[in-house]
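Input: one structure, supplied below.
In this document, chain identifiers A, B, C and D correspond to the written order of the chains, with residue numbering beginning at 1 in each.
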Amino acid sequence: MSDDIIYSAIIDEHYEEPRNFGKIEDPDEDIMETNPTCGDTIAMYLRLGDGKIREIKYVARGCLISVASASILSERVSGKDVSEVLKMSKNDILSYLGLDLGPAREKCALLSYDALIKMLRKYEKEAKK
Amino acid sequence: MSDDIIYSAIIDEHYEEPRNFGKIEDPDEDIMETNPTCGDTIAMYLRLGDGKIREIKYVARGCLISVASASILSERVSGKDVSEVLKMSKNDILSYLGLDLGPAREKCALLSYDALIKMLRKYEKEAKK
Amino acid sequence: MINMFDPLEIRKHFPIFERFQRDGIVYLDNAATTQKPSEVINAIVNYYENSNSNVHRGVYRIGEEATDLYNRSRENIARFIGGTPEGTIFVRNATEALNLAASSLTRMLGGEGEVLVTRMEHHSNIVPWQIASSVSGIRLRMMESHTDRPLKWEDIEKDITGKTKIVSVTHVSNLLGTINDLREVGKNLHDLGIIFIVDAAQSVPHMPVNVNDLECDLLAFSGHKMLAPSGIGVLYGKPELLDRMPPYMGGGEMIKEVFEDHFTAADIPEKFEAGTPNIEGAIGLSAAVDFLKNLGMDNVRNHEKDLISYTLRREQEMNMPSLISYGPRDPEVRGGIYAFNIRKKDGGDRPFGNEVHPHDISHLADRIEGVELRSGHHCAMPQTVSLGVYATARASFYIYNTRDDVDHLFDVIGKIERRMIK
Amino acid sequence: MINMFDPLEIRKHFPIFERFQRDGIVYLDNAATTQKPSEVINAIVNYYENSNSNVHRGVYRIGEEATDLYNRSRENIARFIGGTPEGTIFVRNATEALNLAASSLTRMLGGEGEVLVTRMEHHSNIVPWQIASSVSGIRLRMMESHTDRPLKWEDIEKDITGKTKIVSVTHVSNLLGTINDLREVGKNLHDLGIIFIVDAAQSVPHMPVNVNDLECDLLAFSGHKMLAPSGIGVLYGKPELLDRMPPYMGGGEMIKEVFEDHFTAADIPEKFEAGTPNIEGAIGLSAAVDFLKNLGMDNVRNHEKDLISYTLRREQEMNMPSLISYGPRDPEVRGGIYAFNIRKKDGGDRPFGNEVHPHDISHLADRIEGVELRSGHHCAMPQTVSLGVYATARASFYIYNTRDDVDHLFDVIGKIERRMIK
């Protein structure tokens, strides 16, 4: 892992052109999460079906790390089984970024993950009923 | 000055036989003071007239230092002018004891002095009206 | 580091013992506060010299280091008492912990109901409830407790009424040394829907304490009584309860967002930590925890049990009629605390009686023999008054004390008696 | 000790500068917290190694030494701000000072009336009043304040109503750097019978402050922002007012006597200091005060005025359209605080705009050049939001900073712009 947010090509690429950016009208789940440390905000939307993530979109205003990690996350989970995504750990997310982040910036990186997991847990709980 | 409460003859003498110990019935001024540090309590009584301390008595339950200093103080101020006594400083009192006390024990030594000064101030204020 | 539990070896870690040796000081006021080992001092100095910065919001290097040190300190301290980091709130001391609890719980409960404490509580577990009841409908009730044996569930049970919402008791009495028997209490109180608070200021430093075994909802202790700096302490709470409790102080760090007319609170534990915390205090407390873990809390307890047994034996051997001491005689239920008075039994000729004032005891003990004792009501006036006295002198032990120190204590007690009771 | 005001000489007193030099760190987060000189570190270590014990009640040698150190620290700190020892209450930080004020005054006033604060307050001077108003009839009102000039009496006067009981304002804004003009305010408020509180967290460390000149009733500041440890701060109050205010926390030290159903409070300042205080914190703060007195607070202020002038000049010379900064431009009314953003004026192609997030600024400033900046709302959300942004990056100076440091700052700002705004 490298500490270099200065020259990280992957972060830059996602920051400049975030994947799956935008809104889903009439989503199956949606959520708004804020990082109190910096005021970063993400609104995330899911279309779900057959236990899979059919579509994921988000609108974020945030930093390099939080925007890029939302973008990377959205690519990784699109089309995946909900149960499988729920098995992903925080460390998995951090390793996708390929950066060694301090505790403050970890919160930025995990904002989208936290939002996603909250929605999926809610979805699973409702599915069980 | 000596630090020796261990062998101070003057302290011992006053502790074993405190002067002016007791109550005055129908005093001109009286007061009850407590040292929150140790719970030491002194009740002090004055008979006043012509601007002088005609009689001073006290009932104390306390330590070597507070009992001895009340006794020594009572001897020193008996018959004195109120105005003169009000000019006595804390350091005067401490020097009468002949001990070099730490801050905690200073409070013990000054309990009777504080009680006396409060009564005399009140007396002077009323006299002025 | 330290293998055998040897107080003389342990002393080598405490720089102040150089002075104690030089000046012939026997420090026996550990229930008031304890000394600091180099390990704790160095952790603090090291922080100042390398990573000093504010926590939580810095995304620069030393800010991250400080945050990391602070968070890891919290985790370490949480683990030490079997708790979780989010349930471990940093406060100034046990007193603030109990004030936080009293203020926040009172509001949570809508200012109604009854709080039950014992007569053996420290003022810190009395006055906060008195303040709470002066501003709300919460009522404080003080149950009787025995001075010669531990409090048990049955003692508490008798005093519970339909109105009882909170029971807050000390784990170990700082005056009597009693180790209360709190097994069963948590479970039984929870069956009744009552909140259970433990003042652990005198237990966490001296014996293994586990919040799960205690089944307590909240637990309070101070760092300075366990080798750490003053200015740092802990309120531990069950996360589910802390989540429901309203914030205590407001300000930086404890908020998510602040608007003109309202704020949203941060998650626990930050919700209860307003403003810049005592960062080096937390780091120092964590280093103290490491030191104690290294010794083993079982060993700490056994060592103090040995000292109090020896103390009670020496007292008996002295057979000094004017020496009166308090608390249970069974070392199994007694911490390393020994409170006493010197009093000529048959009154005397002095107009104020022949009791040696505890202040004189501790002053003389220091001047004659360098034995450092505390005297006064030890912030436990209701208990002190119930003993029929205004004050006591108190010796209290810790990991660096020895049987030799106890011998010094009884030496000086003998000398004081000869000096004061003629 | 230090004769000429020379930051490079001053640095020699700060052990952490060895690390800063080694790692190429330029520390510009002094409004968050400051570094500690050896004089402060040594005062604390010396206390641990020689006199560590509890204060107030010990009548033995080291207990007296600790009490004496604690009391003399209080006197020294009181003198530094022109106050009296009994009006100088030790608290954890400015946040606790303001919470104490809000809670106690609310009760003293019977939970009625209005508190006026400005939009530029730190959360510590907003949230405590919001909490107070959630439990009583006290109402918080936030008056508008300008971002480009100091607050004056006339600004406050406009907002006062018959209900106003308290006006609580910051002396120096921690976001804009504005030094508010508080002459006249105290006198005028007192004529109206209104209590005047000053949040001096950003002034006491940086300029001469005298509570008599300010004519304030209460004043709050934190030690860690003025070379002292964290975990210690001061609420200064006029003794006549403090005497009338009910106690905040309850417990040891703050009582005269405790009975089953009530207590009597100690005199000030002890009345407001419950439990074992942060003794070494007080000693450290006193050592910090000595250090600052030695430098001369006028010199401290002049040095920072020079740095902020230079900063504003450098900014102008840079002529970088994407660089936006906040606060008054006149160095006479501006402390050593520089908050800014980097934003491409004409929007951009990224879906979320072309503003460089302040977190990225401070992360990159650290990684590219070792320049340590804070980013976020700086606990001043209402003011931040009023600037039309969610966050800013902030540099803040102290006695050990130089024009060279400012040059580093603008270097890195240039590099970040080139890196982020393509």
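Here is the rule we use: a residue touches a chain if its C-beta (ideal position, glycine included) is under 8 Å from a C-beta of that chain, and two chains touch if they have at least 3 such contacts.
In this text the structure is predicted, and so the values were computed from the model without any measurement.
Asker: Using direct touches as single steps, what is the fewest number of steps from chain A over to chain D?
Answerer: 1
Asker: Among the chains, which is located farthest from chain C on the basis of C-alpha centroids?
Answerer: Relative to chain C, the chain with the farthest C-alpha centre is A.
Asker: With chain centres defined as C-alpha means, what is the inter-centre distance between chain A and chain C in Å?
Answerer: That gives a centre separation of 45 Å.
Asker: Taking each chain's centre as the mean of its CA atoms, how far is chain C from chain D in angstrom?
Answerer: 32
Asker: Roughly how many whole angstrom separate the Cα centroids of chain B and chain C?
Answerer: Here chain B and chain C have centroids separated by 37 Å.
Asker: Provide the list of chain B residues touching at least two other chains, using ranges where the numbers run on.
Answerer: 37-39, 105
Asker: Mind pulling the chain D residues that touch 2 or more other chains?
Answerer: Within chain D, residues 57-59, 61, 63, 255, 257, 359, 363, 375-376, 381 contact more than one other chain.
Asker: In the complex, go through chain C and note every residue touching chain D.
Answerer: My answer: residues 15-16, 18-19, 23, 25, 27, 29, 32-33, 35-36, 41, 44-45, 48-50, 52-54, 57-63, 92-96, 98-99, 102, 107, 119, 122-124, 126-131, 134-135, 140, 142, 222, 224, 229-232, 246-247, 249-255, 257-263, 274-281, 359, 362-363, 365-366, 370-376, 379, 381-382.
Asker: Looking at the complex, which residues from chain D come into contact with chain B?
Answerer: Chain D reaches chain B through residues 56-59, 61, 63-64, 67-68, 71, 255-257, 266.
Asker: Considering only the defined contacts, which chain A positions touch chain D in the complex?
Answerer: Spelled out, the residues of chain A in touch with chain D are 3-6, 15-16, 18, 21-22, 37-40, 59-65, 67, 105, 108.
Asker: Could you pull out which chain A residues touch chain C in their complex?
Answerer: Listed in rising order, the residues are 34, 36-39, 102-105.
Asker: Within the complex, which stretch of chain C touches chain B?
Answerer: Result: residues 350-353, 357-360, 363-364, 367-368, 375-377, 381, 390-391, 419-420, 422 of chain C touch chain B.
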